[in-house]
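One chain, chain A, links the two complexes that follow: it is found with chain B in the first and with chain C in the second.
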Partner chain A sequence: MLKCSLDNVQTLFAEIAKEAKLYLPIDNADGTAVFGEWSRGVAWSNALNTAKSPKDFFFPQTEDLMRFRTEGKKIEVIDVRRESDDFVVFGVRACDVKSFDVLDRVFLSEPCDSFYAEKRAHGIIVSLACTRPAETCFCGIFGIHAAEPAGDVSAWKTEDALYLRANTEKGTALVARLSSVLEECSDDAVNAQKESIAKIMNKLPLKDLSTEAFGGGKTQDLFHSPAWDALSSACLGCGTCTFVCPTCQCYDIKDFNTGNGVIRYRCWDSCMYSEFTKMAHGNNRLTQKERFRQRFMHKLVYYPENNDGLFGCVGCGRCLAKCPISMNIVKVMKQIGGNKGE
Partner chain B sequence: MQKITREQLIDQASELLANGTVSTVLGWGAGEFGYDVTPTLFKTAEEMQNGFVFNDFCGANFSKYLVSKTKTLEGKLLVFLKPCDTYSFNQLLTEHRFDREKVYVVGIPCEGMADIAKVKEISGEGISSIASDGDRIVVTTLYADAPVKIDARNVLAERCIHCKSKKHVAYDTLLGEEGDVVASARFDEVTRLESMTPDERFAFWQNELSKCIRCNACRDACPACTCETCVFDNPKSGVENKSPSNSFEEQMFHIIRAFHVAGRCTDCGECARVCPQNIPLHLLNRKFIKDINTFYGEYQAGAEVGSRSPLTDYTTEDLEPSEIFVGRNEHA
Partner chain C sequence: MNNMGDTLIPSVGVITDVRIDTPDIKTFRVVTSDGKKAFDHRPGQCAMLSIPGVGEAMFSITSSPTNTEYMEFSIKKCGCVTEWLHQAEVGQQITIRGPYGTPFPVDDVFAGKDLLFIAGGVGLAPLRSVINYCRHYRDRYGNIDIVYGSRSKADLLDYREIIEEWANDAGVKVHLTIDNPQPDWDGHVGFVPSYVKELGFDTDKTAVLCGPPIMIKFTLEALVALGFDKRQVYTTLELRMKCGVGKCGRCNVGAKYVCKDGPVFRCDELEELPSEY
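Then we have the complex of A and B:
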């Protein structure tokens, strides 16, 4: 275990930033926190969750894929791919770290998405344990441990110090070059924190939410449930849940006419939108109920079916906090799964 | 903090369900934590007893739901409307968006709704229970030793701090006492923005609008946005986009939307309430409302059914564009 006094944390950041861009949660004036680039004097937010998840680092909301330049009948195809430099994302919570596993299985499976892969290869994740989970947190039900966040380096913050443990080659290389600000220490302080987090996890209101009714092979049981009608009844069809979600990975590919060519780009899309996956024959989900059902079936049934039982939700609670009508995956799991979680 | 109780609302609805006046009730459904209420349809008094709530977090404006819900329901729909919601109700009727005969409005008084984000600023995260006790909201959390007691007036939603009316402009039955249109300071923030230099104002909006994640929650919650298909969702419109290709396009989305609802926006504040990025979108709409008041005389959209907005009406007294630009310079 390595240790850095919190008084020294800005020096630690400066050391990291010497060789790689450093991104960490920063407080916004409006009370939310966002991942932003660190520079000298920028304070590290204490917020539990950033408003938007860190998936943007690997799967940005919009991203150019290629360009075409036309001149008369000549079309030139321009490769816009760029090599990424190393960068460090610091202070990623256990749930968000797990979301990268969910995204990896989509983008790194054959055919591998080279845009995602390039950024993923150069991103170094420093995670952070949660000492004060919110009532909306339910990572535990998906086997995620708020006290044991994964990542290239795991971090724990106590009142006076930051503790670091490298987990991967990338992480080991990172902490190796930070030796001037880090000192070896025992695991005692971190173990004490883990115990206290475990106690809190046991008190969280959603800790007993059951995943038993969900997972691969449950399509027939759940698809025709009469509960979908009432659950989706008030859904506005906005994309808030999908866009704050760390694991939602659907996108659209569009062409932007520049006048003398085309920029082909992709952008996040939402299964909640009426024109989602619209194709020549029209839309394949005509009602909001069908769109709503798709989002939850994807996370709770279809995704685990195709990914060795891994659920497509990490319990970060952002959708619980942000849905304009407070409808969310927890309410769906309780209704559809027939469990009250109590 | 609310003076009217859950039981009064259930009693009223149960009576109307029992005598066949209405077939369904649009109300607030209980959530997991007390503050996360969901608009819910109830068919019976028993369903209401089990799942209906009314508390300081029932802020959602139900008027827009009438457009979709009245199309498919058998019988009449009972809807609970707070004073500000009734303005949206009238405006939708003015625009012939639903059949008035299919709706039964129970007007309910409102003492202002709480903003859970403001509550959490005081109580902290980890809420395990939340309840109203007179003028206070009592919150217990996983981290505080004792319940945190918060003066409800200190955690009012922005739109409730600047409440423009306690008066219902539409109802079939009214519960509690009727209030009045109130003098609010809702244009103060607009005046502050107007007093900025153009560069400062541009920087203010650029900073705010750059936070937009284009989730469309503002549009989808807005009672003035009831187009069958929004131009931004219609691939044939030529301006459809799911995501801005640059920050300029992002600003255009919000500015175009503000123009589209100008003269029809009742200032209900749903846009700012639902924004996951805390963008003060209501200020764009309030600027339009303030300008309309300045150039055409006081006008409140939705105050009555059938009124013509100054922007869609013509009178020989109307200002010429040149006069408006003069006025703009004085007011900008």
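Then we have the complex of A and C:
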């Protein structure tokens, strides 16, 4: 275990930023926190988590894929990919760290998505244990430990110090070059914090939400549930849940004519949108109920069926906080899966 | 085949021939800018074609893999990309990437079997690839029956090839039908499903079915009524696609992605999917 006094944390950040761009949660004027680039004097937010997940670093909301130059009947394809600078995403919570496993299985599976893979190769994740999990948190039901966050480096913050433990080759290389600000220490303080986090986790209201009814092979059991009608009836199809979700990865590919060539870009899309599946000859999901059902069936049944039982939700709770009609995956799991309560 | 190491980045292709097949279907011959076939494929696989600034869409490759010189795409005019393609001239460059999808099991399941191909309208396009593949390797397969129906005689795709080549092959029988009687037509009149029932095929054949969803539904019912098992019947699905490799999420139905796990499915496999295709 390595340690840095909190009085010294800005020096630690400065050391990291010497060789890599450093991004960490920063407070916004509106009271929310977002990941932003650190520079001298920028304060590290104390917020439990950021409004948007850090998936943008690897799967940006919009991203140019290529350009085309066209002249008469001729077309030229222009590669716009540039090598990313090395970067460190600091203070990623255990749920969001797990979301990268979910995204990796999509983007890094054959054929590998070079745009995503390149950013993953250049990014280092420093996670952070949660000392104050919220009522909306339910990472525990997916086997994620808020006190044991994964990542290239795991971190724990106590009242007076930041503790770091490297988990991967990239993480070991990072802490090795920070030795002037880090000192070796025992695990005692971190172990004490883990115990106190475990106590809070045991009191969280959603800790007993059951995943038993879900997983691969449950399509026929759950698809025809009568509960989808009532659950989806007020859905606005706004897509907020998708955009704040750390694991949602559906995307669109579009062309933009700049007047001086064409840019083909991809951007986040949502299976909750009415045009998502619209074709020239029809649409296979005409109602909001069908689109709503698709999003949850994908996270709770289809994704685990294709990915060794791994669920497509990490329990971050963002959709619980952000949905304008207060609909969310917890209500879906309770009603579709016959969980107790509600 | 892609020139820059990512499947989303296409190669440049050139349209070298445009054949007017029906009032709303044209067949485009495509090669790379240096005159070669863009990539190898298997029968039933697809390719993404695009016109920069207009869009990109998935099309079945209608030419057989045994054609080593070029690819052909039979495309019906019914959306932005297809309307643009229909006004394109020979020499027009487009972009192409692929091949995508799981092909027909021509080398294992189909080998040695009597084959029954049933198509409606532009649904012949994906079947032409597998039909011509099986005709090329004629001794690997048993008898071949082809049932093909369209709205009118003018709407029959590949009509000359069917009449002049397919119908003359030994062991190949062609059964054409059109929806309504017309003066210059002395063949069968009626919809494909009822024609299939009328023809009454032996149930030891392996059937391949492609066409509009409603035609597939009723033809499958007709085959089942004749005593076919759904495990003997293959079909293809078509959903909106963007990436072609099971990542963008668009063609996801149940745990399957039509672009990657399909477009070819065995009809009993479809029963396990939610009815969202």
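Here, the second predicted complex is superposed on the first by the 339 of 342 C-alpha atoms of A that agree within 3 Å, B and C clash if a C-alpha of one lies under 4 Å from a C-alpha of the other, contacts with A are read in each partner's own complex, and residues count from 1 in each chain.
Just so it is clear, contacts are C-beta pairs under 8 Å (C-beta built on N, C-alpha and C of every residue); 3 or more make two chains touch, one makes a residue touch a chain.
Predicted model, so just to flag it, every value in this text is computed and none were measured.
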(request) Kindly say whether there is room for both chain B and chain C on chain A in the superposition, answering fit or clash. (result) fit
(request) Once the structures are superposed on A, label A:Asp252 by its partner contacts, choosing first (chain B), second (chain C), both or neither. (result) both
(request) Considering only the touch criterion stated at the top, classify A:Asp269 as touching first (chain B), second (chain C), both, or neither. (result) both
(message) Touch test for A:Arg40: chain B only (first), chain C only (second), both, or neither?
(response) neither
(message) Once chain A of both complexes is superposed, is A:Leu320 in touch with chain B (first), chain C (second), both, or neither?
(response) first
(message) Just to be sure I read the superposition right, which of the two partners does A:Gly31 touch: chain B = first, chain C = second, or both, or neither?
(response) first
(message) Quick check for you: in the superposed arrangement, does A:Ile75 touch first (chain B), second (chain C), both or neither?
(response) second
(request) Using centres of C-alpha atoms, tell me the angle at chain A that chain B and chain C span after the overlay, to the nearest 10°. (result) 90
(request) Would you check which partner chain A:Lys278 touches, where first means chain B only, second means chain C only, and both and neither mean what they say? (result) both
(message) Can you work out, in whole Å, how close the C-alpha atoms of chain B and chain C get once everything is superposed?
(response) 9
(request) Report, in rising order, the residues of chain A that make contact with chain B in one complex and with chain C in the other. (result) 252, 269, 278
(request) Flag every residue of chain A that touches chain B in the complex, lowest number first. (result) 28, 30-32, 48, 51-52, 61-62, 132-136, 200, 203-206, 230, 233-234, 236-240, 242-244, 252, 254, 256, 263, 265, 267-270, 273-275, 278, 320, 322, 324-328, 330-331
(message) Could you list, by residue number, the parts of chain B that touch chain A in their complex?
(response) 31-33, 36-41, 60, 65, 117, 121, 124-128, 142-143, 211, 213-217, 219-221, 229, 233-235, 240-245, 270, 273-274, 276-278
(request) Note which residues of chain C are touching chain A in the complex, please. (result) 3-12, 50, 52-56, 78-80, 82, 89, 91-95, 238-240, 242-243, 245, 247-250, 252-255, 272-274, 276-277
(message) Looking at the complex, which residues from chain A come into contact with chain C?
(response) 65-66, 68, 70, 73-77, 79, 81, 106-107, 111, 113-115, 216, 219-220, 223, 249-253, 255, 257, 262, 264, 266, 269, 271, 276-281, 284-285, 290, 294, 297-298, 301-302, 305-306
